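Both of the next two complexes hold chain A, though its partner changes from chain B to chain C.
For the complex of A and B:
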């Protein structure tokens, strides 16, 4: 839909012009990167060296208040119709693709008003990956570091400027408001972008061919392999809470003496509480069943239900796992089971 | 560290009838990663390594539910063999003293430890390394080999912060000791002392900001060798002491509970802080409590397997001036 150039020093003006939207963007704090609602665009930092916080939160927050109550009844209820339009700025192409995996889940038989309302009102502005992380394997899952899929606009950092690709009408709408900030991209700019894209893709070293994995998984549910690979796992929630495609949640009432709230919070299949029955019985009593479930959900159930794996190859679960449980290694091992 | 000596000791350990398997270290799946190794056969022993990259606290695996499949002849073996550095040996002592693991279920291979590299530091220095990398220590420097390239870096630049103030690098408890004893570093709580002097509001703001970023993955608790409750207070549902909402108040409650349960028990391995995906400086809290317990009760955790930690004992002469 068009390619434009925005000088780097104009980024602040561009972001300031979007003040009618809720602006989500990466912010650098000490050693970490947070995705936050931005009040002052000068706080935005595109130096995404730290991966643990995911832009999924802009649409599907870790904690969502459904309503609060006291002894007389409901005090406050979250109304999905009141949600403001938002711009989620500076997200990786893999994270943008994760929304395409999440959408059919929340659009299902009972559409989820909270997710869908935020999602439909969100404009996703991506930033291409010129320096992939060591465990990036998006190319194994149909993506690439310059992928436009799921995005409305995508920025590429060239020397001192951004190469901006307008992907959708939604994206064009926000550019049109500030068209004076942008100039047309030259063929030289486009060439530079192509070169960067190729260079970036060649930096991705890890990969896995997923052919045959759903079929193999159908045959090895009871295999002792699951105990072997889960031995290392310590059962924390890093892999699920930093995953852009994990969507499991729990709904809990959190009462205090005089008032309370009902919240929807992220859940993690790596926790014992996830499948704990009221009777005390737990059908997934150990890390082996839990890790098995995580892999089955992503590489079999999601394929069965929605036609695609529930993974975008961002590599976070690998890089951030403290005890080196490595998804690519696990998938390779699954393929080699006779 | 002479790796062959360590492997020989490992072969002898798993050759014992009463040893089921051995928990050690092996090369990880990429770059600077090291992985826990669960060794059952003589052939597996060749996978074992010990280098400055071996930061993992393996003691954790003794208290997690056992799922590793073992051969039929080893089903009845009662012991687990494990590598233990200074801090690991303190964790073992502490858990044994608390009756978490019986001493006779363990075969401990002690390894004096020169300190380990903080993975976050080395990965920041050498980002995006996928190829296998090796590190050896020589004369106060780390020699880092990545593919065919070699780099030399001063040890202190990459050394884990907890190791910089480690007073106990040599194992306190072991069945076999491999390697020469290491000179301990002097006790140093300067960082904590200067922190204590800051105004209360500043400290509170700092921690609220830190806990605000917590994603409640519980990696700190799950990686901790001393967090081995069958039902942790944080997992309890009735009553639910800590709500599942991720907000400042609940996160604060979670972190206070975690830290206080480790008062007089933490052995300063630093695994919680290294595991944290949000870089929350948990050792600042743990070391404050460690210093307090040392000052108030003259107690340091894990130096033997009989002493009871101050929080689990009562003496009439105990200080009570802090009780309101």
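For the complex of A and C:
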């Protein structure tokens, strides 16, 4: 829909001129990068390397109020129509594609109004990955470091400036509001962007061919392999909390003396209590069943139900696992089971 | 867009003790405060809860042919069910739903029905019995096989004893271990099923109870000549949302809350975790 140039020193002006929106962006805190609502655009960090939090939170918060109640049982729900539109800036292309995997889960026969109202009010602005990380494998899952899928606008850092691609009407609306900040991109800029894209893709070292994985998984549910790979897992759940496509949640009541609220919070299939029946029976009693379910959910059940794997190849679960449980190695091992 | 997480307020009109002792079961009769009809199908469930405590997925123990109220038979087990057991007539609880697929009961018209229940597993089968008795001419023979650990653990005992007096339903009760005054079958439910020996001819069998009981009941039904498609069961798992989103109740790629809780054995036997 168009390509533009924004000088790097104009980024602050671009973001501050959009103050009618709630602005989500990566922010540097000590050695890690968090994804947060920011008030001052000068805090935006373009270092996506140590992103410990994922932009999923802008649409599917870790803790979300469902409704509040008082002692008479009167239920009050916040009206989503009063919620401001949001701009989520600095999304990695893999994380952007994760929204396309989450959407059908929250749509469905009974749609989830909390997710969908935030989703419909979010404008997603990506930042291409010119330096992929050691465990990136997005190209094995239909993505690439410059993918536009799921984004409304996408920025690429060229020398001292951003090359901006307008992907959707929603994205164009933002550009139209701030058009004086942008200039047209030259063919030289486009060429430079192409070269960066190719160079970046060639830097992705890790790969897995997923052909045949769902079929193989259909045959090895009882295989001793699951016990073997689970010996390394400590069940900490970091793989699920940092996963852009994980969506499991818990619902909890937080009562006080005269009132209370019901919230939903991210949950993890790595925890025993997640499936524990009140009777004490647990259909997934050990880490072997839980790790197995996680891999089945992502690489078979999501394929069965929605036609695509529930993974974008961001590599966080590999990089952040304290015991080096490596998803790519696990998938390769699955492929080699006779 | 309707908010599926907002429950309706319901008032408890009646509470009946079904089983006493260490695993007490009570049946709660409730009416929605806004006057809505729930319009459920037999076999569907609802999220029953108390604001400030939480919610549990509970099968609806009454048939939609019984208008104006809902019944839930609940064993005191965890946080929510314990709080429900502490409730009194007149208290308000919350209900949302109905959830799940329910039994395809209208497809069973003209057929013989045999239900095989164990313990609290009789609760989801009860609306089938009520539905059939309220539409008695639409269905063939009705056999009710039901057992529990002891005679004190049998739910709906008076109702079932009343049914025994009718000519159009046969009730086959059992307890696991003999008791002095017990005159009916002593032994496990799957064994009683072999004693009763229902004919698979034009018959649908529906079973619910502990997983191990379900597995042996299915084995024995197959032995009696029932096909995979003639055998139905209804499952449970821990649930939070009830609408196939929170993730935890899956058996294979299916969610018990949304794709179940009713499954034919033909479907179940292909699921990896069953």
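Here is the rule we use: the second predicted complex is superposed on the first by the 328 of 338 C-alpha atoms of A that agree within 3 Å, B and C clash if a C-alpha of one lies under 4 Å from a C-alpha of the other, contacts with A are read in each partner's own complex, and residues count from 1 in each chain.
We adopt the following convention: a contact is a pair of C-beta atoms (placed from the backbone, for glycine too) under 8 Å apart; a residue touches a chain by one contact, two chains touch by 3 or more.
Predicted, not measured: the structure shown is a model, and the values here were computed from it.
Aligning the two structures on chain A places chain B and chain C next to each other without any clash. Applying the stated contact rule after C-alpha superposition, one finds that A:163 touches neither chain B nor chain C.
With chain A as vertex, the superposed Cα centres of chain B and chain C define an angle of 90 degrees, given in steps of 10.
In the superposed model, A:182 makes contact with neither chain B nor chain C.
Of the two partner chains, neither chain B nor chain C is touched by A:89. In the superposition on chain A, A:269 makes contact with chain C only, while chain B stays out of contact range.
In the superposition on chain A, A:221 makes contact with chain C only, while chain B stays out of contact range.
By the touch criterion defined above, A:250 reaches both chain B and chain C. By the touch criterion stated above, A:137 is placed in contact with neither chain B nor chain C.
When the two complexes are overlaid on their common chain A, residue A:299 makes contact with neither chain B nor chain C. Contact with chain B, but none with chain C, is seen for A:234 once the two complexes are overlaid on the shared chain. The gap separating chain B from chain C at its narrowest, counted between C-alpha atoms of the superposed chains, is 7 angstrom. Residue overlap on chain A between the chain B contacts of one complex and the chain C contacts of the other covers 250, 252, 276.
Only residues 66-67, 69, 73, 75, 77, 105-106, 108-114, 116-117, 218, 221, 247-253, 255, 260, 262, 264, 267, 269, 274-279, 281, 283, 293, 296-297, 300-301, 304-305 of chain A touch chain C when the two sit together in their complex.
Residues of chain C touching chain A in their complex: 1-7, 9, 51-56, 77-79, 81, 92, 94, 211, 236-238, 240-241, 243-248, 250-253, 258, 272-273. If you check the complex, the residues on chain B that touch chain A are 28-31, 33-36, 38, 56, 60-61, 64-65, 67-69, 120, 124, 127-131, 213, 215-219, 221-223, 235, 237, 240, 243-247, 271, 274-275, 277-279.
Taken in their complex, chain A has these residues touching chain B: 29-32, 34, 49-50, 52-53, 62-63, 131-135, 203, 205-206, 224, 227-228, 230-232, 234-238, 240-242, 250, 252, 254, 261, 263, 265-266, 268, 271-273, 276, 285-288, 318, 320, 322-324, 326, 328-329.
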